[in-house]
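Take a look at the structures below.
Across the two complexes that follow, chain A remains constant while its partner is chain B and subsequently chain C.
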Partner chain A sequence: MIRLGDVTYFYPRATTPALAGVTLEIPTGQFCAVIGANGAGKSTLCYTLAGFVPHFYRGKLSGGVEVAGVDVPASSLAQLAGHVGLVFANPFNQITGARFSVREEIAFGLENMGVPLEEMATRVEDILGFAGLRDLAERSPFALSGGQQQRLAIASVLVMRPPVIVLDEPTSQLDPIGSREVFAVLRDLAATDAATVVLAEQKLEWVAVFADRVIVLHEGRIVADGLPGDVLASADLAQYGLQPTRYTQAARAAQAAGFRADRDDLPVTLEEAVEFFR
Partner chain B sequence: MTAGGQRTTDDRGAATGAALAPMPIVVANVSFTYPSGTQALRGVSLRVAPGEAVAIVGENGAGKTTLVKHLNGLLKPSEGSVVVGDWDTREHTVAKMAARVGYVFQNPDDQIVERTVGDEVAFGPRRLGQPEAERQANVAAALATVGLTDAAATHPYDLTTPQRKLVTLASVLAMRTPIVIFDEPTMGQDAGGVALIGGIVESLKAEGRTVLTITHDIDFCAAHFGRAIVMAAGQALADGPAAEVLTRADVLATTNVEPPQLVRLAQALRLARAPLTVEGFVAEIVGRGQ
Partner chain C sequence: MSTSFSLYIPRESGMHRLHPLTKLALVAFCLVLGLFLPGVWLTYLAFMLLIVPLAAWAGVLPSFLRAVFKTALPVVISVFLVQGLFWPGGTPILHLGPLSLKQEGLQFAIRSAGRFITVVSSFLLLTFTTRPDGLMLALSQRGFPNSIAYIMLATMQIVPRFQTKANTILDAQRSRGLETEGNLLVRLRALLPLVQPLLLGSIIDIEERAIALEVRAFGRPGPKTSLLVLHDTPAQRVLRWLLLLAMLAVIGWRLYLAIAPRLAA
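Let's look at the complex of A and B:
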C-alpha cells in the first residue's frame, strides 16, 4: 500500500515544484504505471516513494508519504531498504562498484540484509536465470553491454523481494522482447506475490497490455488516472507530450477517413486493434 | 598515409567544404575479441553507400555497439578490415577519423568532457580545426537544432540525462561530418524528444549525409531508416530494405526483436502489405473495403 497526501516537493534552489499537490493511493498488489513527458515529475515521484526525496536530494517536501506502512520522511534510507526497492533509470547509478562479478553484485543487497548463506545462494541463482544473466555471472558488472547492465540493476533489486518495487524507466536500454518480459514479470509479481509495483515508463504499448492502472503526470501534477484503455486512448494525451500507440493513431486516422467512425472505444493494444480493424 | 602536413588539410576539408564528399564504409569480414576474451563480432561484412540511412537492431549483447565503434576507429578489428572512404581505420587515429565519422555514445556521460554546454558542443569542432567564425556558426546551429540554445552557459550535469543526450547529439552535429552514427538516440526520450531526433535524422538525410543508428525503438527505425541490419551473437543475421527486413518476425524473434506495431497489426489482420507508416496502413485498410 502506498499513500501520498498532498505532496509538494522542491529540489534545492528550485523555484517551481517538481511535485505539486500529489494525492494518491496505490493498493497492495497493484501494478501502476506512471507516464508523462520528461520533466513531468516521474523520476521525482519514484525518488519520493523510495525515500531518496528528501533523504538524499534534500530540498523541501511537504505532505505525507507512507509506503508499506512506513512513514517515509520520518525514516532513514537504511530503515526503508527492506520495504521498498528502487531501480534507477541509469543502471550505472545502481551498480555498487564494490563487487567484481555479476553474481556478487546481485548478492550484495542480500549480504547487507543478513540473509543466510544457503538461502542467498538459491535466490541469487534463481534471479540469474530469470534475468538471463547466468552465462554472464562471472563477468565484471562493468564489462556488460548497456542492456545487460540494466538487467543486472533490475535483478539486484528484485532479488531482495521488497514489498514495494519502484522502477524509473528500467527498460530504456533493453531489447524489445526483453522489455516486454520485464513488464510481464512485474505484472506477475503484483498479481501472484502481492508486490505493489510503480513503474515510470515511456513504452506505452506494454503499459497498455500489462499495467492495472495508468497515472499521467504533467508539470508535477496528476492530470489523468485510470484504466490503461481509457487513459491511453484519450485525446488529451498529446497535450501532455505523450504519443499514443500506433494502434490508437491508426484507428483515429482511419476514423477520420470514414472507417468505423461510429466507434468511440479506440484500441490501445494489438489485440484490441485487431478487433477494431477486422 | 600519415603525412602530417597532409592531415590538417584533410581534416579541415572533411569538416567544412568537402563534408559531402562520397564516403562509403566497407566492413570486410571483421571479427573482434575484447581483451577479456569475449568475442563480440564474428566475421561481419557490410557496405554502406554515401547518403544511406541504416538502422542496426538486435538483442542486448549482440555486438551492435562494438560494430559501430569500429566505424570511427575507436576499436580496431582483430581480423578483417574497416575502410571509410579511402582510410583504413587501422592506419588512422581516432582523432583523425573524427573528421569523417561523428559518433554519439549510448551513455552521454561517457562522452561529456567540458563544463558548459556551449564548450562541450564546440569541443569537437575545435579539435577538427574549424575556423572560429565557422565553428561558432556550427555550434549555434547545432544547439538550436536540439533546442538548447538557452542552455549554452549551463553545466552539462545540471541538465537531465535526456537533455545531456541532446548535448552529445549537438556536439556531433556541429562537427559537420559526412557520416553520423547514433547509439540508441531515443533512449530515455519522451514523444517530443523522439520526434525531435527523427527530424534531425531527416535533415541529415536531406543533406546527403550517411546516418547509422543503433536502436531498440523499432517504430523509430521504421519511420526514418530505409535499411535495417539485424544482429545476433556478433553476426549480421539479415540486411536489407527496412520495409522487408522488419516484417520477418521469425528472424527478428531469434534476436529478441519484434516487428513494428503496424507490421504486427497488418500481419495479424492478414493484409496483403505491411506498411510502416500510419498513413500507409490507413490507405491499405480503406483500400481493402473497395
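Let's look at the complex of A and C:
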C-alpha cells in the first residue's frame, strides 16, 4: 500500500513546485503506470516514493508519504533500501562497478543487507532465470547491451524483494529491441503480483498492455486517474502533452470518416484495435 | 574492448587458490627483500629464486615476464645510461669518446635496477594472481573501510568507460568541425569543448550512481555477507605470521648492517 497525502515538493531554489498537492493511494499488488509529458513530475514522484526526495535532493517537502507501512520522510535512505526498489533510465549508471560478473552484481544488494550465503545464492539464481540473464551470469556487467544492463538493474532490485518497486522510464534510453526485452520482464513482474509496482513511462502502448491503472501527471498535479482503457483513450490526453496510442489515433481517424462513429470505447491495445476494426 | 583495468589472469593454480591476504603477505615479503636486501646482487637472487618460481607456480610465467620486461626495461636502460656514464668522479672502466663508464655508477645502476625489478614484479605478481574483489573483500573483513574498497574496485571498471565516453565526445565535436590536430595552441583550445560535457556528464553520472548504491543498501550499517567465499587454512595463517617475522628480520638485518660500523667506531 502506498499513500500520499497532499504532497507538495520544491527542489532547492525552485519557485514552482515539482509536485503540487498530490494525493494518491495505491493498493498492494497493483501495477500502476504514471504518465505525463517531460517535466510533469514523474521522476520527482518516483524519487519521493523511494525517499530520495527529500533525503538526497533536499528541498522542501510537505504532506505525508507512506510506503508499505513505512513513513518515508521520517526514515533514512539506509532504512528504505530493500523496502522500496528504484530503477531509473540510465542502465549504465545503475551498475555499481564494484563487481566483476552479472551474478555478483545482482548479489551486491543482498550482501549489503547481510543475507546468509545459501539464501543469497538461491535468490540470485532465481532472479537470473526470471530476468533471462542466466546465460550472461559470468559476463562482466559492463560487457552487456543496454537492454541487458537494464534487465540486470531490475533484477538487482527485485532480488532484494522490496514490497514496492518504482521504475522511472526504464526504457527511455534503450533501442526498440532493448525496450522489448525490458517490457517482457515487466510484464512477467505484473503477472506475479509479488510487489506493488509504480512505472513512470512514456510508451503508452506498453502501459496499455499491462498496467492495472494509469495516472496522468501535469505540472506536478494528478489530472487523470483510472483504468488504462479509459485514461489512454480520453480526448484530454493531448492537452497534457501526450500522444494517444496509434490504435486510438487510427480509431479516431476512422470515426471522423464516419466509421463506427457511435462507439465511445476507443481501442488502446492491438487486440482492442483488431476488435474495433473487424 | 577492455572492460576493466584489472590485470588478473584466471587460472586454477595453487597460487590462485591462496587466500588474498597470504598472497599480499608473500608480495609484501618480496617487496621488503627488494627494498632492504644489502649488496648489489641479492635482490636479483630474490627475483630469480622466489618471484619467478611463484609466477611459474601460478601458471602465468610468460605473460608475467613480458609485463616485467616491458615495465622495467625503460627505467633500467635510463638508470644504466645516467648512472653509468655520469657518475661524478669514480673509476672509469671503459672510454666511449668523450664519455666514460664508471665502475661506481655501474654498481649503483645494477643495485637500483635490481630493486626496481623486484618491486615492480612483486606488484605484478599480486595483480596477475589475485582477483581485485577478493583482495578487497579480504581487507574489508579485516576492518578496511568499505567505501574505500568500493572506490578502488569501481575505478578499475569505470575509468575505461570514462575513456570511451571522452572519445565519443571528441568524435562528436570533431564532426562539428572542431580542430583537434595541429600545434599546441590548437590542441589546448580543442580541450575546452571536450572537458565541459565530460565533466558535467560525469557529475550527473556520479549523482545517479550514488542513488543506485543507496537503493542497493550500500549505506546500510551492520554486518555484510559475500557471495564470493574466501578459503583460508591454519597453515596459511601460520605462513602469514612467518612472512611478517621474516620481513622484520630482513629489515632488522639491514638496520644492523647500517648501524654496526658506527657502533664499532
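In the analysis below, the second predicted complex is superposed on the first by the 256 of 278 C-alpha atoms of A that agree within 3 Å, B and C clash if a C-alpha of one lies under 4 Å from a C-alpha of the other, contacts with A are read in each partner's own complex, and residues count from 1 in each chain.
Just so it is clear, a residue touches a chain if its C-beta (ideal position, glycine included) is under 8 Å from a C-beta of that chain, and two chains touch if they have at least 3 such contacts.
Being a predicted model, the structure only gives us computed values, none of them experimental.
Aligning the two structures on chain A places chain B and chain C in clashing positions.
Contacts of A:Y247 after superposition: chain B is touched, whereas chain C is not reached. When the two complexes are overlaid on their common chain A, residue A:G146 makes contact with chain B while staying clear of chain C.
In the superposed model, A:F92 lies in contact with both chain B and chain C.
In the superposition on chain A, A:G82 contacts chain C only, with no contact to chain B. Legend: residue contacts after superposition of the two complexes on their common chain; A:R103 is shown touching chain C, with no touch to chain B. In the superposition on chain A, A:P12 makes contact with neither chain B nor chain C. Contacts of A:L117 after superposition on the shared chain: chain C is touched, whereas chain B is not. Residue contacts after overlaying the shared chain place A:A257 against chain B, while chain C stays out of touching range. Comparing the two complexes, residues 90, 92, 140, 143 of chain A contact chain B in one case and chain C in the other. Interface of chain B with chain A (complex): residues 34, 36, 38, 58-61, 65, 106-107, 109, 160-163, 184, 187-195, 216, 218-219, 253, 255-258, 260-262, 264-265, 268-269, 278-279, 281-282, 285-286, 289. Chain A makes touch with chain B in their complex at residues 36-39, 89-90, 92, 139-140, 143-148, 150-151, 169, 172-180, 202, 205, 241-243, 245-247, 249-250, 253-254, 257-259, 270, 273-274, 277-278.
On the side of chain A, the complex with chain C involves touching residues 50, 52, 56, 77-78, 81-82, 85-86, 88, 90, 92-100, 103-104, 107-117, 120-121, 124, 140, 142-143, 153, 156-157, 160. Those residues of chain C whose C-beta lies close enough to touch chain A in the complex are 1, 3-4, 6, 131-133, 149-150, 153-154, 157-158, 160-161, 205, 208-229.
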